[in-house]
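Lettered A, B, C, D, E and F in written order, each chain numbered from 1.
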Amino acid sequence: MSLIVVMNCNTSAAMTSRMGIQAQSHARPGTQILALNPTWGPDSAEGYYDSFITAAAVLDRLHSVPAETAAVVMAGFGEHGREGAREMLDVPVVDVTEAAATFALFLGPQFGVVTTLSRARAQIRDSLRVAGLWERCASVEAADVGVLELELEPDAAFDSMCAAGQRAVDRGAEVLVLGCAGMTGLDAALSDKLGVPVVDSVTAAVAQAESLIALGLNTSRSLSYAHPRTKRRDGWPITSQENHS
Amino acid sequence: MSLIVVMNCNTSAAMTSRMGIQAQSHARPGTQILALNPTWGPDSAEGYYDSFITAAAVLDRLHSVPAETAAVVMAGFGEHGREGAREMLDVPVVDVTEAAATFALFLGPQFGVVTTLSRARAQIRDSLRVAGLWERCASVEAADVGVLELELEPDAAFDSMCAAGQRAVDRGAEVLVLGCAGMTGLDAALSDKLGVPVVDSVTAAVAQAESLIALGLNTSRSLSYAHPRTKRRDGWPITSQENHS
Amino acid sequence: MSLIVVMNCNTSAAMTSRMGIQAQSHARPGTQILALNPTWGPDSAEGYYDSFITAAAVLDRLHSVPAETAAVVMAGFGEHGREGAREMLDVPVVDVTEAAATFALFLGPQFGVVTTLSRARAQIRDSLRVAGLWERCASVEAADVGVLELELEPDAAFDSMCAAGQRAVDRGAEVLVLGCAGMTGLDAALSDKLGVPVVDSVTAAVAQAESLIALGLNTSRSLSYAHPRTKRRDGWPITSQENHS
Amino acid sequence: MSLIVVMNCNTSAAMTSRMGIQAQSHARPGTQILALNPTWGPDSAEGYYDSFITAAAVLDRLHSVPAETAAVVMAGFGEHGREGAREMLDVPVVDVTEAAATFALFLGPQFGVVTTLSRARAQIRDSLRVAGLWERCASVEAADVGVLELELEPDAAFDSMCAAGQRAVDRGAEVLVLGCAGMTGLDAALSDKLGVPVVDSVTAAVAQAESLIALGLNTSRSLSYAHPRTKRRDGWPITSQENHS
Amino acid sequence: MSLIVVMNCNTSAAMTSRMGIQAQSHARPGTQILALNPTWGPDSAEGYYDSFITAAAVLDRLHSVPAETAAVVMAGFGEHGREGAREMLDVPVVDVTEAAATFALFLGPQFGVVTTLSRARAQIRDSLRVAGLWERCASVEAADVGVLELELEPDAAFDSMCAAGQRAVDRGAEVLVLGCAGMTGLDAALSDKLGVPVVDSVTAAVAQAESLIALGLNTSRSLSYAHPRTKRRDGWPITSQENHS
Amino acid sequence: MSLIVVMNCNTSAAMTSRMGIQAQSHARPGTQILALNPTWGPDSAEGYYDSFITAAAVLDRLHSVPAETAAVVMAGFGEHGREGAREMLDVPVVDVTEAAATFALFLGPQFGVVTTLSRARAQIRDSLRVAGLWERCASVEAADVGVLELELEPDAAFDSMCAAGQRAVDRGAEVLVLGCAGMTGLDAALSDKLGVPVVDSVTAAVAQAESLIALGLNTSRSLSYAHPRTKRRDGWPITSQENHS
């Protein structure tokens, strides 16, 4: 039995719960999903300011994951923090942005991203560019729907997502990626509507984490992701200072 | 039970067999591996000429895979043909080059490739560039060992692979990728020697295929990988013309 | 007198003949054109599957070109195989894709490609990217006309090509390239219609081959395009096994 | 009189003080420098983990800058957070990484970065790549000196910096950039030693901030850097919740 | 008191005068602006032919700037010559193209350029690409207004500039740059109209020159911008051969 | 009979003569070479300053080429002016830099450039980058020999060129390009010495010009290379004002 922590980046318990259910339902038999969220920070990450807060809140929360954790999924599409988690944790870390993009590469020559707000498009592009996964992205399109509206007005949100997905297809995408962890579970419906494969970033990331665990692959410690140096970090971690190593 | 065909690109039965054993030993419980090779073509693919022959020989052989095949792994590192197989087959196709590179992305900021012959370096770079996976490749280094020598002189070959891997590390790689499907199984030893994670391209590709099957993701048919048009193809397929659709 | 083989990638004898006539009519006085096609494979190459079949069929056919051949033109736009032919043959090999693009560079800051089917656009982009000639390509536009329809319905096909060419111009192209060897001969009419220079890929490639012959320039043998290694290649070449070196 | 806040990313008061003095001594007559540091977090930022903590700590601290602040300098080379500060603040934000690189562009065709630890090289490359300033960077070289050792063992540190700078020059740099805000003030000595211009990132950023103030240029609010959305952010800001807007 | 020469690239005295007034009005208290233009060449630079003439005419004119000159601003957007001036002069040289682009980087993730004629778009792209500042340029849009018409029909020209700016915004620009030195002074009005920051290239370049002067930064002499070699240059400089070194 | 003007960029009559002889000896039977040089400017172009002077001097000289000129070769490797000549002239313009690089692309996966002075390396890189021909350039290596020393000390110069070429090969070049028009004629000797094909830029450019003439291809007039606008250009052309159109 492998325990995979799905780490939502925002504090919305409802979204965390939904991610956990979705992840568990698509996981391998031997996988146990534990969905968590930070104890502080924004209830949705919409823009750089939120994203840098959630990055720290997520790292803070990751100081107290169960000892038997086998891998961590960073469940915030285009959000910051993945490299920090890789340094900090002894187990593999899979970012949903990277997993969704790499899965899409196997399915078509170019992929598109359907995200929530237009303001997130530059940030997603940055995230893919740093990951070295930008070249085959045809377009990042926004449904212009807030993260929390996905749950409040699901029908209107879905229609907007379809329109955004179609724009990405018109610009060359042959595969789509759900560009918000909160969209998890909408992949099949969007695929039916638009006639192209749609990758759910959360379930893709869990599958990637399972693969890394199965093959015994872990983060390189040779240089950039070596464990953090021991030093004075006043007031850190925020919520669980007793766990501070 | 899912049947995954591991398609060696060359006609070396010994190598095919070794790939099959290695793949099966790292596969999920529910996965059945069937390792195949073409019925004609070179017994090792070393350069563009061989690679284009094997691409056709592999497509030819793929016309007669079992009906219950759930995914196909293209087991020739840096070799041609993957996009053709995607068009032709109804199931997902995972190229070992792409799988190894994407797995490496989760483990360090830059990866290196350890391959056999120097003459293959440009071809591997081409393959990664077309796949959109070149940007984070620090270097492709050759052990200057022929594909078949890997089996004939394993100790000398391994020493040369270590030296090549070290050169890649010196040029910025923090993760290595075994850049020849025939190197399958040498990942752990190389990792122990060099102190960085090493990705075995064949087992990574099988894991990726398992993930795509588990998530129900298949090749996009919307444009570039639509099924081949019906037309006259004289004398094709070569070895199994009765199966020609 | 220099003999240049124009190697059509498909088995359509009519198209081969037309290419030969077109090439001869634009060649230098001292050039003798011999237009050939493979003895097996698809009668038009439309997509990756066809392209990998034709790559092998072309290499197979190239085993029996006349001994006095001075250069070979690979006459399939965006098709595979060029690097393999470079390894195999003792004479220069000019791919029509590369020749058309390089000629276009001298005529305007950005060029566009007018091709047949939309499904070929990604493949053409791949071919140009691998060739290092993608950066100044403004767009690849498809007339949505099958390769063989070019001959069957020439007027409708030409109108569609004009529309595609205009789209490329609207996206920044100041020069166009005929993105299908089967379009050979339509350059002047398209140029008249759209007011920009149009490069015929077949005649450009022949001119480039003539230049390489005249200057005594031949493929580098120092590494990637060294002659193929001697080895067992069962059942290869397909049609002329007696010529197998 | 314009007040520019120089925001050190770590909690080292000594380094903050030194930055402030250096910045004030090179500022225009009408500029008042206020050097600040976060109230929590690591006393040096060395790697991604530290960097994501400092990004949040810096944003937290920026909630209580003086109302008359005219611009903010983010004084952590290669560190995270700049785009978040741009969203949050009403005044221009200048990152020392971006300022140093843009100043270097005016002085030579390629620049090099001299930083502290090798583990920071990938992070700096990421930062420059996201900023669109990577292309003319010849190399990022590390002195292999910890941030705080710069002060403890200045002579040895300086020698290591010279060696790193020389390596960058050998790789094509014609200008150098001090790749750690803690190196501020060492530019003249390094330039004398190596014979190339050396840009101090802190004083360059202050000068850039002065320019933006003088020209009345401020962050675009049209999309990506629009002010953060009003929402629930539990427990945030950390140290000054009464200032929470 | 620092003397900064603002070097218009064309011979239009009216434009030179306007640039000088605009530059002086935005300069620091201690800066003295001297606006100059070449003594020969086109009265507006519109295309490559004009640009190469003006490059030489500007270098020619720069042979007789006052000895106390502290920096030179090359005031021709997208025009040639900047690297030559860097070699030739003992003081820093700031190109308005580079200054405008670097200033824009601090204000939004992507910028757009509003220029005069469509024919200049490729040249501006070239200039930014060589400068390493192309990656974050969303679009170069032309108002289709001649350089001298800016003064003759200011209202119509401004309307066309607004339309061009809006197209750049629609393509992702969040900041605009005035892509013609003759547009100097129109930044505020365009910004008011379109709701995004607008960078005036001439005043940005003067501010950048002031910064380089203040920090004592000068052109690297280590290699590419070393002073010109002493040699025979017949008939050069054109207008002031007595100054020929 | 086609007249091709080979336009040396410097005023060295000896070099011009040598280029003319070399070009004529490799030209087609029907080609008449006329080698010209500017009437003013440096006797060798070594750096940006010289290059911008020669660009104008070349354009000036091109105002009085014979009316029957069929094409112009710009014979200065990495030098400026080619796009201006394209605007100005009614006939095709071939830059030796572009011709050498495109010829090299047909011969190996990566090429290297052997040039004279190290100071020219950045300028050559710029020229190839603008031309869209940089991606497959492995290295630009300098022999550290002045342009005129090529003729004065041919043996020492050749030895230095061999060493530079070997460095390029060590960095991945499989083909070399002579990166100075003054090196014309040394290709065969260098190729014999290093075992890789070597492209002479002048003869390649003449061959390219012949191809463009033969195919009736000419510069696009649709936008960027439209003929220069009619306008006041005081004092221009310099040496032949009576020819001013």
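By our rule, a contact is a pair of C-beta atoms (placed from the backbone, for glycine too) under 8 Å apart; a residue touches a chain by one contact, two chains touch by 3 or more.
Keep in mind it's a predicted model, so treat the numbers as computed, not measured.
> Can you check whether subunit A and subunit D touch via the same residue numbers (shared by over half) or via different ones?
Both copies touch with mostly the same residues.
> Given that subunit E is a copy of subunit F, what angle of rotation, in degrees and a multiple of 5, matches their CA positions?
The two chains, subunit E and subunit F, differ by a rotation of 180 degrees.
> Take the average of all CA coordinates in subunit A, do the same for subunit C, and state the distance between these two points in whole angstrom.
44
> Could you grab the centroid distance between subunit A and subunit B? Build each centroid from C-alpha atoms only and quote it in angstrom.
Subunit A and subunit B have C-alpha centres separated by 28 Å.
> Quick check: what residues of subunit E touch more than one other chain, meaning two or more?
In subunit E, the residues touching two or more other chains are 83, 109, 122, 126, 223-225.
> Which residues of subunit D touch subunit A in the complex?
Residues 11, 39-44, 46-53, 55-57, 59, 80-81, 83-88, 118-119, 121-123, 126, 129-130, 146, 223-226, 228-229, 231-236, 238.
> Which part of subunit B faces subunit A closely enough to touch in the complex?
Against subunit A, the touching part of subunit B is residues 26, 28-29, 83, 92-95, 98-99, 102-103, 105-109, 131-133, 135-136, 169, 174-175, 195-197, 199-200, 203-204, 207-208, 210-212, 214-215, 217-225.
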